[in-house]
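Read the structure below first, then the notes.
For reference, chains read A, B, C, D, E and F in written order, and residue numbers begin at 1 within each chain.
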Amino acid sequence: MRQSKIFRSPLLIGATFGGLLLAGSVWAQALPPVAPSAPVPEIKIDSGATAWILASSALVLFMTPGLALFYAGMVRTKNVLGTLMHSMFCMAIITVQWVIIGYSISFGDPTFGGLLGSMKYLFLNNVACDRAFPGYPIPHLLHMAYQMMFAIITPALISGAFAERIRFGAFVVFTLLWSTLVYDPLAHWVWGGGLLSMAEGSWLRRTVGVGALDFAGGTVVHISSGVSALVFCLMIGKRRGYPKEAMLPNSLAMTVVGAGILWFGWFGFNGGSSLNSDPLAVSAFVATHIAAAAAAFSWALVEWFHRGKASILGVVTGLVAGLVCITPAAGFVKPMPALVMGLAVSPVCYFMVAVIKTKLGYDDSLDAFGVHGVGGTLGALMTGIFCSEEICKLSGFATSAGLKQLQAQAVAVAVTIVYSAIVTVILVILVDKTIGIRLCADDELSGLDLSQHGETGYNP
Amino acid sequence: MRQSKIFRSPLLIGATFGGLLLAGSVWAQALPPVAPSAPVPEIKIDSGATAWILASSALVLFMTPGLALFYAGMVRTKNVLGTLMHSMFCMAIITVQWVIIGYSISFGDPTFGGLLGSMKYLFLNNVACDRAFPGYPIPHLLHMAYQMMFAIITPALISGAFAERIRFGAFVVFTLLWSTLVYDPLAHWVWGGGLLSMAEGSWLRRTVGVGALDFAGGTVVHISSGVSALVFCLMIGKRRGYPKEAMLPNSLAMTVVGAGILWFGWFGFNGGSSLNSDPLAVSAFVATHIAAAAAAFSWALVEWFHRGKASILGVVTGLVAGLVCITPAAGFVKPMPALVMGLAVSPVCYFMVAVIKTKLGYDDSLDAFGVHGVGGTLGALMTGIFCSEEICKLSGFATSAGLKQLQAQAVAVAVTIVYSAIVTVILVILVDKTIGIRLCADDELSGLDLSQHGETGYNP
Amino acid sequence: MRQSKIFRSPLLIGATFGGLLLAGSVWAQALPPVAPSAPVPEIKIDSGATAWILASSALVLFMTPGLALFYAGMVRTKNVLGTLMHSMFCMAIITVQWVIIGYSISFGDPTFGGLLGSMKYLFLNNVACDRAFPGYPIPHLLHMAYQMMFAIITPALISGAFAERIRFGAFVVFTLLWSTLVYDPLAHWVWGGGLLSMAEGSWLRRTVGVGALDFAGGTVVHISSGVSALVFCLMIGKRRGYPKEAMLPNSLAMTVVGAGILWFGWFGFNGGSSLNSDPLAVSAFVATHIAAAAAAFSWALVEWFHRGKASILGVVTGLVAGLVCITPAAGFVKPMPALVMGLAVSPVCYFMVAVIKTKLGYDDSLDAFGVHGVGGTLGALMTGIFCSEEICKLSGFATSAGLKQLQAQAVAVAVTIVYSAIVTVILVILVDKTIGIRLCADDELSGLDLSQHGETGYNP
Amino acid sequence: MKYIIAIVQPSRLEAVKEALSKVEVFRLTVGDVQGLGRQKGHTEIYRGHEYQVNLVRKVKLEIAVNDDFVDPTIEAIIRGARSGPEGKIGDGKIFILPLEDVIRIRTGERGGEAI
Amino acid sequence: MKYIIAIVQPSRLEAVKEALSKVEVFRLTVGDVQGLGRQKGHTEIYRGHEYQVNLVRKVKLEIAVNDDFVDPTIEAIIRGARSGPEGKIGDGKIFILPLEDVIRIRTGERGGEAI
Amino acid sequence: MKYIIAIVQPSRLEAVKEALSKVEVFRLTVGDVQGLGRQKGHTEIYRGHEYQVNLVRKVKLEIAVNDDFVDPTIEAIIRGARSGPEGKIGDGKIFILPLEDVIRIRTGERGGEAI
């Protein structure tokens, strides 16, 4: 009996992996031969661009341990390792998923009218290290690696919502499925030439006249994870004792380290998204930095006025909100609009986490929705407002005036929200029915570290 | 009453910002049209150079959280967040200040005979991402970003001197003013073509015959902050209980993390200061590393002889001293002189912080002066001694023999010391009279974290 | 008496340094003029390649503080600083050793039939920053710097074996000697054109027909340090109380930070080992990441089946094992074999540290042997199995079919094991006889921090 | 006067404080301790090695009370500290020690009124 | 023999130790505790939410003394622990408990001389 | 009934627990404290400045026992806590306080059988 319980999770994880594989292979067989997409002129691989995207990939990977620390500092001592685990384990499982099937779903040739990528890149077939990624001066394999880091951190973001109360096995299965069924398709839609993309003939382009601008993942990364976070925390329920009991962060110093790493890594996240070491990369880099700083500043100001004191948790929350907000816009806006976006996002997020959340009474424990969902939505919309012709030209998109773009942004946001929410609902129910999603009372009391991992965070 | 007190600080910060803005705009109007400076040949933007300076900018930004940890590990537990805040908040406010006015003061065309930069770059006007910074193969906007990271960390260095006893509002106002009135002009004098620079016809060149060599900020960054730190701690007074009470570091492990990040980031600080990915960058990179290592080693040796034990705090203090000392010299000296500089700086700094400080009885709490002021001065002078014709040629400066250069260095050091000290005195008095600079006894007792930010560092 | 004891260590360290110097100089004189080696075509320095190797050098340096944290989190609180010191101090002393003599031993022209490098690069003579390293598009001085970072971290790896019970002076003397007598020659043999290298006419090539493949240090770094670690811990004996007393890690959160930094830095370690910013670098980068992830995943699975729970310590141990295992192979294998290597290494290492170690009863405290020795050996052998013609061509090696290569790998592994073990035995005896290697009982009880460094890790 | 020492579950601390304040006991001192008793400890696993940790985290309350407060205090502690109506192993103990005198440092008051 | 327990402000610990050594009390045991009393706690704010923390950090001293040392010890504690001449709320309390026996582990000595 | 308080070296805790379980004392409460006594503290050095730290880490055990268990308990503690056959300065002390009553929270049992 004990056996069976213990082994249910790894078996299910195995099954999940197996299922993904099978599905992929079948699909690979079943698909009609892919029509050759419009040939993109192949650009020569450039050593400078390669250098910067290698560095950027490393930076984005580093964000995940950063996020682990950012989140783990905020939970109670008994959950510090379990929370670290939520992010760190994504590095393990999503990598495996991505090289097997994820990259193919996201960046394979559009099939079913841009719904999913073809299985062309299954097991990294046809992803060469010595041929350029079409249209960019970096190796194809490097594009795969860089995008992999995004796929890793996105589900880790969600873990802020169900912190301190989820079963580890459930987390693993959910994360694998979510990544495959939510993240990968969304990446395809926006960046892989799918439904919402700028590509000739995408659904959004046909409908609104212009595709969605999402430079480094406002919709794909932040809205998707933020909205799923909200859905998840509503479904799993509040932590025992919330909100009556004070659940104080075990180490804000750890959270600050994490925030520092996030800021640092985000230069790769946004600055690398031009897939080149060019003026556009510089522009995105600068916009990113300015928005982070401005948002940290404005969060502190709001706190000062609301509570009479600015706090370090406020400053680091603000800087993350700023980074989130500028993510979709980084490669499309000039420095001063970036400053405005940064200044604007913090008051909105603050209002969300300090006022609305309390009013509505849900327990988004580490504010994954309040920061990523809200900040990402704001950013995606403001991208439509602030995108500059001059900068957009650098990325080869000719933006066709404001209002239409804003409309495209709004549609993309809506689609992302609805799709993420629906799939998350289904997945949570599925995982809950099969292996059970929530810790029993005793385990929640003794904490994730002991009950799920058999370890303790600190031994004096 | 309580209201007014609480709001005095943010209002003053607002006023400070506003004032800066107004001053800038008025000035921009009032100035005579700038005489076109000697045309520097525009070099093509290079993707490799851009890659390295993007990476360097990220590295230098990362130093500020590193410094936050370095300092925060050394204070008492009750001040850990407040101390982190001193560094982290610089990332927020100095960024805003820099893009509004700081970059323009520092790198605008020299006006008033090289006293200040013109207002040409106000709000980053005329700072393009797709045109090279004159004379270097990187985008102009990237130069702005890279320099911004220096502007951020410099005032953060000062915070080691007044740790554990300053009011947060006072810190913010002081930092903004100091950055504008001390850092920005100094950067202009040395790097922006101003008074002390190598530029044709600068004051120092006219006086001594040669400009000052400061590769990455011996005078601009370390002497300025170190001297201001000394002045500040003399004016704000000792911590209550100092030196009778033992004020032990709350977590040297945190300090070690910080030191590791600082070393890592310093590769960008010095290695990036050639603004290129060229042999000079490599040379600076290597000199930096060697000096850090040598100084860590010699600090440990001195301790061993003086106290019978080498300590980890000693090793990390030594490595920072080594990095400080090599900063002005990194792009001018060969590896072996760098080794000598590293070996030499630690005994001097050690003597300063372990003997002289005690004798004189001032409370430079985390030795901002003892390490940055002293190490920076030593480094600036030794630059004059050890600069190598061969390396200097790489950076396009033809150095004209030793003695004259040493003289130039000495003048630059003296000017920096006097100027920084005087302005700091004025600013401290100003801020103290308006909002009060020092914590009241009760707040100092309960610590920065609770009294200034309403948080606690660790909750077990 | 007390004096003499205290000063014995620094004096010996001085003597060690002095001896190395003397030996070097004498040797430099005594050697016959070096026969000009076959001229390698000089390639132009490339700014992109330089950018990536600069970044990689910084990344590899950053691994040492990462390792410090990784190890320090696992020891008991009273040893946290001493353990940090073991890694951090390597940054100081090995740098000095390397620029004086180490680089010359490792990368000087092969002498004595490839046993050691010539003294051509003593004190970095003849290492120019503006001439390319023969055969690669980066400055010679940068090659020196990049390799220096490897020399630093390797002896630090050993410190996991004798953690919590070594005298600091003994550590320093041993480390200096080991680096000079084990690491430097091994680097020469494998990478410097020596005995085991791919170079025309090397001993291994003459014997087996093909040289050993070791992309980034499977033998040189991991087997050498891992085997020496085993020998060392056998000779110094178990910690008092081991294995009866529970010796719980003081902060697994710290260990996780360290592991995150290691993963991040390893991109430079392996990704930089192509000494270029080219497709090979990308291939190595990707293989590295995939192996790390796969090994983290498989370690968790093994734990889950063996103990019913996956742990964060398991995940981070697994990821390090994966990185170790892929190190020799990174630039020779394709992504899917890297996945297999990662999946394979964890079960083996787990079996070693969880079962065999207990059975045999030695106290490899932090599993330096169990992870680096075992993982490195496995990796070196699997390199022979999985190396792909296609990738090898990128690095200019034509691999001559499987079996012979596997044989070459096995010989290289055996040589490394035997040589490292013998020299370590001699060094441990030597150091023990002169200054004593092990802490006295009281000092071990009170911990490294107080007894060796006069500090405490945390002061609440 | 009595000096009451109570060992309770950390998770019950809030409830005990509340129960005590209902019987007008507002002053007490709290400390972190670890207990050995009938309640079993837990197992930790590091790199495949199991360690039995038998000390369990507890909270210790110390409350000096005048004699007529002893019984209400005890009852309040029991009410707050018991996990569920049945109680659970590990819920803790209360020890009653004699107390001879109390001094309030601030005022120098002694005895019953200083409590 | 008495067992004296004193709760004092952490910041007064050094002063109390000094005062005690003046009356030749050199041996004692110190622990970290948290107190609930007349002194108010503080407010912490995390992401806009206020939390009232009413437990205040205190230091607990335990001193076993022979009967003739009781009064000097109490006086010394008061002298060292009072914040300012007036004292402040939160300065703490002293509790005097009867002590029946003392054993020095090293020697096995018992009673008054083992103290 | 007695309330036994013992201050011992942290490194002897395991040995004491073992010795106690041999005389069938299985229940006790443990806390971290710092002691001032004959044993000297240590010196810490930060950036060349020496600090004398005179408080020494100790462990405090609290054990409530019935009267007939008092002597075996004391002996067991001494056996476990003494460093070497001679003992060392700093090995600690045992204090015996009278105990009036014990209540088991879970069941409400009182007195000797609740211990």
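Note that in this section contacts are C-beta pairs under 8 Å (C-beta built on N, C-alpha and C of every residue); 3 or more make two chains touch, one makes a residue touch a chain.
Just so it is clear, the structure is predicted and the values come from calculations on it, not from any experiment.
Counting one step per pair of touching chains, how few steps separate chain B from chain E?
Shortest path length, in steps: 1.
Could you tell me which chains make contact with chain C and chain E both?
Looking at chain E and chain C together, the chains touching each of them are A, B, D, F.
If you walk touching chains, what's the least steps from chain B to chain D?
2
A-E versus B-C: which interface comes out with more C-beta contact pairs?
Between B-C and A-E, contacts are more numerous in B-C.
At the chain A/chain B interface, shared numbers over all numbers used: above half (same) or below half (different)?
On the two sides of the chain B and chain A interface, the residue numbers are mostly different, under half being shared.
Can you give the whole-Å distance between the Cα centres of chain C and chain D?
53
From the mean C-alpha coordinate of chain A to that of chain C, what's the distance rounded to whole Å?
Centres of chain A and chain C (C-alpha means) sit 35 Å apart.
Need the CA-centroid distance for the pair chain C / chain F, whole Å please.
46
Using mean C-alpha positions as chain centres, tell me how far chain D is from chain E in Å, no decimals.
Each chain reduced to its C-alpha mean, chain D and chain E end up 19 Å apart.
For chain F, what residues touch not just one other chain but two or more?
Where chain F meets two or more other chains at a single residue, that happens at 31-32, 44-46, 97-98.
If you look at chain B, which of its residues touch at least two other chains?
Expected reply: 46-49, 51-52, 55, 248-249, 251, 257, 261, 277, 307, 309, 311, 313, 454-456, 460.
Could you list each pair of chains that touch one another?
The list of touching pairs comes to A-B, A-C, A-D, A-E, B-C, B-E, B-F, C-D, C-F, D-E, D-F, E-F.
Residue numbers of chain C touching chain F in their complex, please.
Against chain F, chain C makes touches at 245, 445-446, 450, 454-456.
What residues of chain B sit close enough to touch chain C in their complex?
Listed in rising order, the residues are 46-49, 51-52, 55, 59, 76-77, 137, 248-253, 256-257, 259-261, 263-264, 267-268, 271, 276-283, 285-286, 289-290, 292-294, 296-297, 300-301, 304-305, 307-313, 315-316, 318-319, 335-336, 339, 391, 394.
For chain B, which residues are in contact with chain F within the complex?
Where chain B meets chain F, its residues are 243, 246, 248-249, 303, 306-307, 309, 311, 313-314, 317, 350, 353-355, 358, 367.
Which residues of chain E touch chain F in their complex?
Residues 3, 17, 26-32, 62, 64, 97-108, 114.
Mind listing the chain D positions that touch chain F in their complex?
So the residues of chain D touching chain F come out as 2, 5-8, 31-38, 55, 58, 60, 74, 77-78, 81-82, 86-98.
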